[in-house]
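First chain written, first letter: the chains are A, B, C and D, and each begins at residue 1.
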Amino acid sequence: MLLRASSFFEMYAASPVTSTFMLRSISGPSQFIQQETFVVSPQVPVSEYVDGYGNLCQRIIIPSGTFTLESSVVAICDANIDVDMNAPYTPIEDLPDHVLQFLLPSRYCESDKVTELARIIVDGVLPGYAQVEAIRQWCHVNLTRQYGSTNSSTSAMDVLLSKTGVCRDFTHVAIALCRNMDIPARMVVGYLHDLEPMDLHAWFEAYVGGRWYTFDSIMDRPVGGRVIMAYGRDAADVAFASHFGYVELKKMEVKVTRDV
Amino acid sequence: MLLRASSFFEMYAASPVTSTFMLRSISGPSQFIQQETFVVSPQVPVSEYVDGYGNLCQRIIIPSGTFTLESSVVAICDANIDVDMNAPYTPIEDLPDHVLQFLLPSRYCESDKVTELARIIVDGVLPGYAQVEAIRQWCHVNLTRQYGSTNSSTSAMDVLLSKTGVCRDFTHVAIALCRNMDIPARMVVGYLHDLEPMDLHAWFEAYVGGRWYTFDSIMDRPVGGRVIMAYGRDAADVAFASHFGYVELKKMEVKVTRDV
Amino acid sequence: MLLRASSFFEMYAASPVTSTFMLRSISGPSQFIQQETFVVSPQVPVSEYVDGYGNLCQRIIIPSGTFTLESSVVAICDANIDVDMNAPYTPIEDLPDHVLQFLLPSRYCESDKVTELARIIVDGVLPGYAQVEAIRQWCHVNLTRQYGSTNSSTSAMDVLLSKTGVCRDFTHVAIALCRNMDIPARMVVGYLHDLEPMDLHAWFEAYVGGRWYTFDSIMDRPVGGRVIMAYGRDAADVAFASHFGYVELKKMEVKVTRDV
Amino acid sequence: MLLRASSFFEMYAASPVTSTFMLRSISGPSQFIQQETFVVSPQVPVSEYVDGYGNLCQRIIIPSGTFTLESSVVAICDANIDVDMNAPYTPIEDLPDHVLQFLLPSRYCESDKVTELARIIVDGVLPGYAQVEAIRQWCHVNLTRQYGSTNSSTSAMDVLLSKTGVCRDFTHVAIALCRNMDIPARMVVGYLHDLEPMDLHAWFEAYVGGRWYTFDSIMDRPVGGRVIMAYGRDAADVAFASHFGYVELKKMEVKVTRDV
């Protein structure tokens, strides 16, 4: 399917602030980027670099005053995501080298602290994909989606106490639980066509059956129509925007439409 | 300056052929990509990967029949290129590690075989930028631009015999001569606003005065307005298209316009 | 100075366990590796890969029974570390791209939660090296070195409550405080000649005055004689050993001697 | 099998010369490095970096006077190399991205110029491994091993005229012929236990049957006992030593012994 997605930001800075963004998709196994734009106003210099996970990062000194940024993409992406309840657990000795890091605890995913809950959730479930799906469903059912209930310091452990959060928080909890079961899990950020209300989105991938599968704790069914912007261990790696100084976000608009 | 550049190709293959292209620019020190598209018809799968020089490569199985590819880019790039006749020779011990490879001979730049000519050209010239400029001018004056006079097997040594060639050949000769003087030189391919007749273009960069400078043996003066698509040691690294099978090029159109 | 350093481990596993180690040094700006060995017994296969930080990682399936690993290195390294109380704060806009990640919070360094303490410590101190040194000294004075007081789940926030820990914990606190001040800080693990009692060691580097400087909260003075084994954001990145299963450590011996 | 290999060089430079070496092995799929040393005298600074092919390169400013370098390695490596006459040709569309570059012509392997010979050699031979073996045998039978018959400028085309050369030249010819048949081929340099007379050695790998296989045009049978030091497209990428200035090689000694 062909998706047109865009995000528009209006910001205000009292004085210049260095910021990095991850708002530009690159082609990959599940998406081909046919067109993309990245326009800032006023036209200040933008530089780009690739981080340790292969993500494209934009670096900008946001000038004082009002600043707008519009990123858009036209991508051919999978309409469906693969589902395989029988995909088995991949033993650690069979994991590719670069996948091992996604077994470790990270800033927002304290996987070393959720052993009891993980055991309860996957109790009696077939090791592998089915366990990840059990974790995903547990999050979907037991966590409440509530804007403003969490902030950029909120970790999986915090969410497990409050039981509320946004897509990012749901994802952190699911990742922590997967890693606790020795299943590699990584965070994905981007656009989702079916998301309501529309926003930038976060979900996760888990490595079972010898490959990465897509999971989304916010959705009640497995859906495709996703444009990926970045991969990482958790939100510390894949923030859409990191401002090293104070920048006020005045307006934000995200759109995803499908070409018929 | 803001340039809009595009290249359109119509190809014909009797049977499917695997091909790789280098027709997509990425942002870098001298250019920021504001928009770019890469559209093929019929819409076959396109995958992308980054080669050892950091270039973005598109990989396509060209289907049998007629196939078109259009790549376009809107880029903010430097209107002028830096010129510094006093930039000194950078001693080899001061070269960054990754620059050293551009001192070595390569497929089309037999730098080990042009000692005598190099010595003659730079005789009495200040070591560094001025030597590269002497080499560039020698090529500009002594080589004749003639389409069809060379092919994909033609190397710098061949061109030094025939004294004719296209931008790629001029560039190979200049690179071979620079490297012979222990000056790192690399090939650059992309768009040049002022090129006549318009076409995809090749030029070179030489490392003097502690940085890369842009040189172009085709032009009679230093001009900017360049959108870079790829860097490499020579044309073996940076072919716009590599077909592993027979593909007929039926039509090709390159456009570069400037936004006023 | 020329250091000979080695670490010996005797382990016991009831059944095979996949493990990764970071026990092999590579040459770098401050050390040249003249000789190194990595010997396991029984001789099972060992594979190596390079992680996202450039560290060499050894991957082994530890067989059931007793297993020993001995790693040794002969390195030429700096006898002293640079100290410059006047090295200024490096503004974020001047940081190299790859340094930016060391400003972000990480698993064990919740830099976003130590604002108040950081402000108190650096109050009135010259921005840059002097601030980092103030942070280092605060840790050295206010934290108590006590083996067994912390474990692999202990983060900087935990240590700030207990005020006790080992080199790894001291380092996490210092890193969190530096990052809170927008000073990039990374963890370093390896050998230190002057360490007492001898053990594998952890310290940190901070980026001020346009470069990385070495700091060590355990020591009461700036000392060199360090052999670096790995760099990372915190202990989640640079564990000497990560066992994905249960492995008992029966014996461990670390030695560092200086060639006169 | 466990091999102990070493190479010793005594050099003389009238004035300081920047040089790079590729004389240090790293662990890989077919070898694990248990111990290695790299000792220079006088003890000048040595820095290391990794090139675009993953090889470890040592960079040294050789001082004026006599200079010695000794590199040694203890490696566990395969006693045999895989042979599979039925391994089929791997279609280009199935090649991994990073393998594609080994289809292209390079400085010493003018694969675009050997079409006729390649066709003759593989005439009637099963596509894939058997073709590569036919090429290897053709080189073994038709080229004469003769020290001093070639130099650092000699390419495959030159060798096809003179029909003489050393291991490096045999390898260039074989690689050029493989690539002409659209079979990826790369040069390998290192130690070979069974080589006579003992020396540093060069051979090649070809990608057929979905993986790299080892071939050696110098040997009359497939033998293992190889310690790999570097991979590349041809000798331009994998020179044991590159001197950017004049350095006289006074003495060179290579030893390979097997631990029983």
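Throughout what follows, contacts are C-beta pairs under 8 Å (C-beta built on N, C-alpha and C of every residue); 3 or more make two chains touch, one makes a residue touch a chain.
Predicted model, so just to flag it, every value in this text is computed and none were measured.
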Distance in touch steps, counted as few as possible, from chain A out to chain D: 2
Set of chains adjacent to chain B and to chain D: none
Chain whose average C-alpha position is farthest from chain D's own: A
Intercentroid distance (Cα basis), chain B paired with chain A, Å: 38
Chain centre separation (chain A, chain C; CA means) in Å: 29
CA centroid of chain B to CA centroid of chain C, Å: 44
For chain C, residues that touch 2 or more chains besides their own: 47
Every chain pair meeting the contact rule: A-B, A-C, B-D, C-D
Residue ranges of chain D in contact with chain B within the complex: 16, 18, 20, 47, 49, 51-53, 57, 59, 61, 91-93, 97-98, 100-101, 103-107, 110, 112-113, 152-153, 182, 236-237, 242, 244-245
Touching residues (chain side chain B, partner chain A) in the complex: 26-29, 32-39, 43, 45-48, 74, 76
